[in-house]
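Worksheet for the structure shown next.
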Amino acid sequence: MVNGATETELLRWIPLLPGLAAAVHGLTLGLLRRPLSRALTVALSCGSVILSFALACIAFWRLVQLPEGSRVLVDNFYTWIGAGVGSQVVSADMSFLVDPLSAVMSLVVTGVGSLIHVYSIGYMDEDHRADKGFQRFFCYLNLFTFAMLVLVLGDNLVLMFLGWEGVGLCSYLLIGFWYSDRWNAYCGSKAFLVNRIGDFGFLVGIFLLFSALVQAGTPAISFGEIERHFDAIASATLSLPGFLGGECRLVNLVGLCFFLGACGKSAQIPLHVWLPDAMAGPTPVSALIHAATMVTAGVYMVCRMSFLYAAAPEASAVVAWTGGLTALLAASIAVVQNDIKKVLAYSTVSQLGYMFLAAGSGAFGVAIFHLATHAFFKALLFLGSGAVILAMDHEQDIEKMGGLWRRIPQTHFVFLMGVLAISGFPLFSGFFSKDAILAAALAAPLPGHQWLYGLGVFTAAITSFYMFRLHFKTFAGECRAPAEVRDHMREPERVVVTPLWVLAFFSVFAGIAGLPQVWGDMIGVENSDSLGNFLAPVLAPGGGHHLEHSTEYLMAAAAIGMGLVGFGLAWLLYVRQPELPERLAAALARPRRLLLRKYWVDEAYDRLFVRPTVWLSEAVLYRGVDAGLIDRIGVEGTARAVRGAATHVLRRAHTGLAQSYVLLMIAGAIAIVGYLVR
Amino acid sequence: MPVEVILKTAFILLVVVGAFAPVITWVERKQSAVMQDRIGANRADVAGITVLGLLHPLADVIKLLTKEDVIPRGANRVLHTLAPVIAAVPAIIAYAIIPYGSTYTFGDHELSLVAADPDWGLLYIFAIGSIATYGTVIAGWASNNNWAHLGSLRASAQMISYEVTLGLSVTGCFMVFETLKLTDMATAQDTTFRIFGFVELLFGLSLPAWLERFPFTVPAWGIFLQPLGFLMFLTCIMAENKRPPFDIPEAESELIAGYFLEYSGMRFGLFFMSEFIEVVVIAGLVATIFLGGWSVPWVSQAAIVGTVEPVYGAGFANGLCLLIHFLTFLAKVVVMIWLQMLLRWSLPRFRYDQVMDLCWKIMLPLSIANIFATGLVMLWIRG
Amino acid sequence: MVPLDHVIGLSAILFAIGVLGVATRRNLIVIVMSIELMLNAANLAFVGFNRLWPGSSGAARFDGQVFVLMIIAVAAAEVAVGLGIVISMFRNRDSVNVDDASLLKW
Amino acid sequence: METPTVLFYVFAAGAVASALGMVLNLRNTVAGAMNLVATMVCLAGIYLLLEAYLVAVIQIMVYGGAIVVLFLFVVMLLNLRGDTFPPGRLRLAKVAAVLLVLAVVGRGLALLTRALPEPGPVPEGFGGYALLGVALYTDYVLLVEMASLLLLAAIVGALVLAKRRID
């Protein structure tokens, strides 16, 4: 609970509406075993999410009305877990919090979520696979929205963790949505398991933080309380076993644990392996969960705990470097991918890396800014790719596309907007947010911050390259699709296209919300970074030194230049001289193979972790412990012993006369009472 | 033991057992005669004087007392003797708690017109009623006769079934009057409520002036507050009494006379009497719970006393009030007796399964719904 | 005043009578009735002790009496099930003698 | 002695006599049941003396009005006129049990000579339905709910046990 917070009962309905819709879906599917009618399903699901968006807008509006210092709305629903006595009392409440940070996040979640819900009406309706479950899909989607909103709006770590696990579950359910295909189910499990590693880190982090606070005599679990009592533990140390490095500052350790959680959820190295495979799910899911909202939960969490990271420079350095490296590596892999969704998936990983780069550099506001713009343009790109996939009759290989701009011009146009935005084309939203990140990286008080900046700029070039490669291969040139697909190709229906236009609008113009001050100064606007200023009260101030305007202009020029290089290269390779890529592939076979195999990470994990685990489970735990120890000795042995005793001894006592038992019982009762009374 | 209690008890016994019950036998005969379009019950005479047939009860008593007292072979002698007593006593003592008048002040003495006024009021009736079951059951069993046996089987099933609904049907009244005491219930009904008052509650409006001009008030009687409860209570308690249309334990056409088949003489007379005493008890109970007891509609006790006292003094006012109340109560009891007679001679007998279905499948859910509805309305009205 | 230790003594005696009924009678119905008697004996003790500690004015305590009400409810349930067993046993074995219910012995 | 004390002994004697009558009546189950009713009524009288009014009434209503009637109903349904069984196989053990129980009861009664304290005055409304009802629906509401669940289970159980299978 935050002091000076405004109470309102509005907030609970933001997550509850989608939650109730999911419950209704679940109950009808589970109990009645007969899906609701299509119209009812749509009305319930989309209605609840759109209503929830409206409520989020109202909450945002109320928040803005409040004076700057006390922009906090809370809704204490009920006490969920209460513990402790006296001054040690602490309770994790079912309590929702809207401050600027969660307001932005909830707007993104419900806003993009609403659009994707609407889009799904069209997308899932055209799905003709055997196991289609229109209502099941919307049930999961609503459940996801519920969990995500709990994550975002929860005012304490436990509630956040609840949402955190909830979105993980929904991600699993939706990746494996077409579960009759084993590969999809496998991908879902992979995502779930990899996420578990991160969750474990998150959980350990929560425990560490909580126990430290308890030891400091100020138990707290809600964010506001933790922040208030943070000073007490800011300088605490923890002695680790020797091989882990001995003494360690607690905040660093907690920060690293939290970041491990963020890595899992946001697909950062080394836990990035699940996100590309998560593309097995339906495209709206990829857009909503694996691009716009859930994967950004890690970024949100790091920003939410910004006060902690501000006090933990080492952990921040790890965050920034992991982000930067992830950005580069994922972008490099995206260069060689041919599956339209895989390209976007790696691009998402890369962009998330950017966000962590910003967060690690102390520019939390910038991270959130990029999160928001990325949510728009990446959702747009995914939904656009979904439209392409629909038009191509479920073909995802860009080698078999090409020349689509003539056949689906609307999709082409909005997709191009997305590509321009992500490539950092000047004045598009991605331009501003990426520029701000690069500036933050350069200014970061971190060792090797110049290198981080270089990494970012280079990645920008690669980003531009692979995005235009994707665009050219999909839309430009001659159509390589089979004739029957080519002839039936048409623009998807309006319910699919409309969300694309909305998202395109935001992809282009969302940058204005967080226009960096340097550009504001250029056009003469005071406090142009309205998003950053809005968020500033809840985020820890970045520790970077200020950059000269001239430096910033230079950087912007460099970024634009890099973008142009990437664009030019892509244009050269895929439009101008389409035969060149093959020659290049032949010439650079080994590096290409390295990229195609994604740096052999999956294989390494398989050798290192999966197979030993499977062996251990099979040979030791199953055959040894379960079958041998528990079954043979425990279960069967007990049974044998009991049978032996029964046949030879206990049988005598079984006379079949009920009253003999009664007599024994009376004797026993008399014995007990006699002992007690004496 | 105060003299007053003995006097009241004697009064009740005199009125109910001594006067009402015999007269009712006559009423029943007359009623059946009317229903069957004959003259009926006009033969018994003393020296040629028939007094409308009112001498028949007397003749009955003489006949029953002088008949042979038969205990069949194989019957359990003790239980057979005991059964009619167990049947009759609860019926008589049930009347102890029914108030036939309010509390009146004579000087410094308060006269309350009820023999016993325990805190747990109606529960006493239920307890007594549950004991009364034994008379019936034992009678059939002890007779060592298959018809009687079947009759008491039916009786026991019917009576415990209807006891459940009986209790639940009147629970709504407990809630409305917030008491179990019959005297308090009657006092609570000695008032009126505005029939359109709910409009104000419901919509928060005051009534339109043209409606306000009419004195649309209704006595706050149970029957208006708990109409469903009234119907169900009447049904249940009539079923408890096992008179037609609920007479399946007796069922002349199937079981000859049911559980008291093997009884003769005054033993039979006791069963016979207890049935009619119960009719009066039922009338008294229903009148007290649902018809305002001794209260005069629209004119409260305070109004009567307040009007008369300045003119004739307190003693006379209270005395007059007592008289009016007692007569009112008597009138209500008579109306209820008449209603029971009417029902008894109008309706054909239910089948056994119909009786059970009525109890468990209709009345029980209805009575529970009534309780819920009452609770909701009370919550709503009292906030 | 009712002598409370005699109430408890009465409770003990009734309980013992109930135990004797269960132990010596072979009629299943009588056995169930004896169990009822034992429950009643316990009830009597509860009511007696509740009378001993009635609480204070405005804070009357009813632990014993509430217990009795619960025992009565339990007894009702027990009788319903117990008599159901009696009926089904009579239907299957044509007897209410507990000694006849010995099919499951070795 | 005061009237309540006398009444208590009267009721106590009645209760013991009728309880013995129930257990020792070997021939007639119905008479046993009637003895049980007598016990219940005597106990209800004692409850009244102990100022447990609601419990007393409910004792009569439920035990007297429902439970024992059920016994009678079953006895009549099964038409059990005589109660003559072949000699049992546990006679000696039973005699031992009887003696044991008697000994234990004697020991227990001997313990009671250190008399319980004289009960004090009861608070206003003690044992009445109003206070007891409030207690039931506030402090003991969980108990009430459990009892209702138990009764429901018993209803279902009795139905399943006793219903005639229709083949």
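Letters A, B, C and D name the chains as they come in the text, with residue numbers starting at 1 for each one.
The rule is short, and it goes like this: a residue touches a chain if its C-beta (ideal position, glycine included) is under 8 Å from a C-beta of that chain, and two chains touch if they have at least 3 such contacts.
Small disclaimer: the values here were computed from a predicted structure and weren't measured.
Chains that touch both chain B and chain D: there are none. Centroids built from CA atoms put chain C at 34 Å from chain B.
Chain A and chain D have Cα centroids separated by 66 Å. Spacing of chain A relative to chain B, judged by their CA centroids, is 74 angstrom. Note: centroid distance chain C to chain D, computed from Cα atoms, is 5 Å.
Contact with two or more other chains is made by residues 657, 659, 663, 666 of chain A. For chain D, residues that reach two or more other chains under the stated contact definition are 54, 58, 66, 70, 75, 77, 88-89, 94, 97, 101, 104, 108. The full set of touching chain pairs reads A-C, A-D, B-D, C-D.
Interface of chain C with chain A (complex): residues 19, 22-24, 26, 98-99, 101-106. Residues 28, 30-31, 34, 37, 41, 53-54, 57-58, 60-61, 64-66, 69-70, 72-73, 75-77, 79, 128-129 of chain D are the ones that touch chain B when the two sit in their complex. Across the complex, chain A meets chain D through its residues 657, 659-660, 663, 666-667, 670, 673-674, 677.
Across the complex, chain A meets chain C through its residues 651, 654-659, 662-663, 666. Residues of chain D touching chain A in their complex: 88-90, 93-94, 97, 100-101, 104, 107-108, 111.
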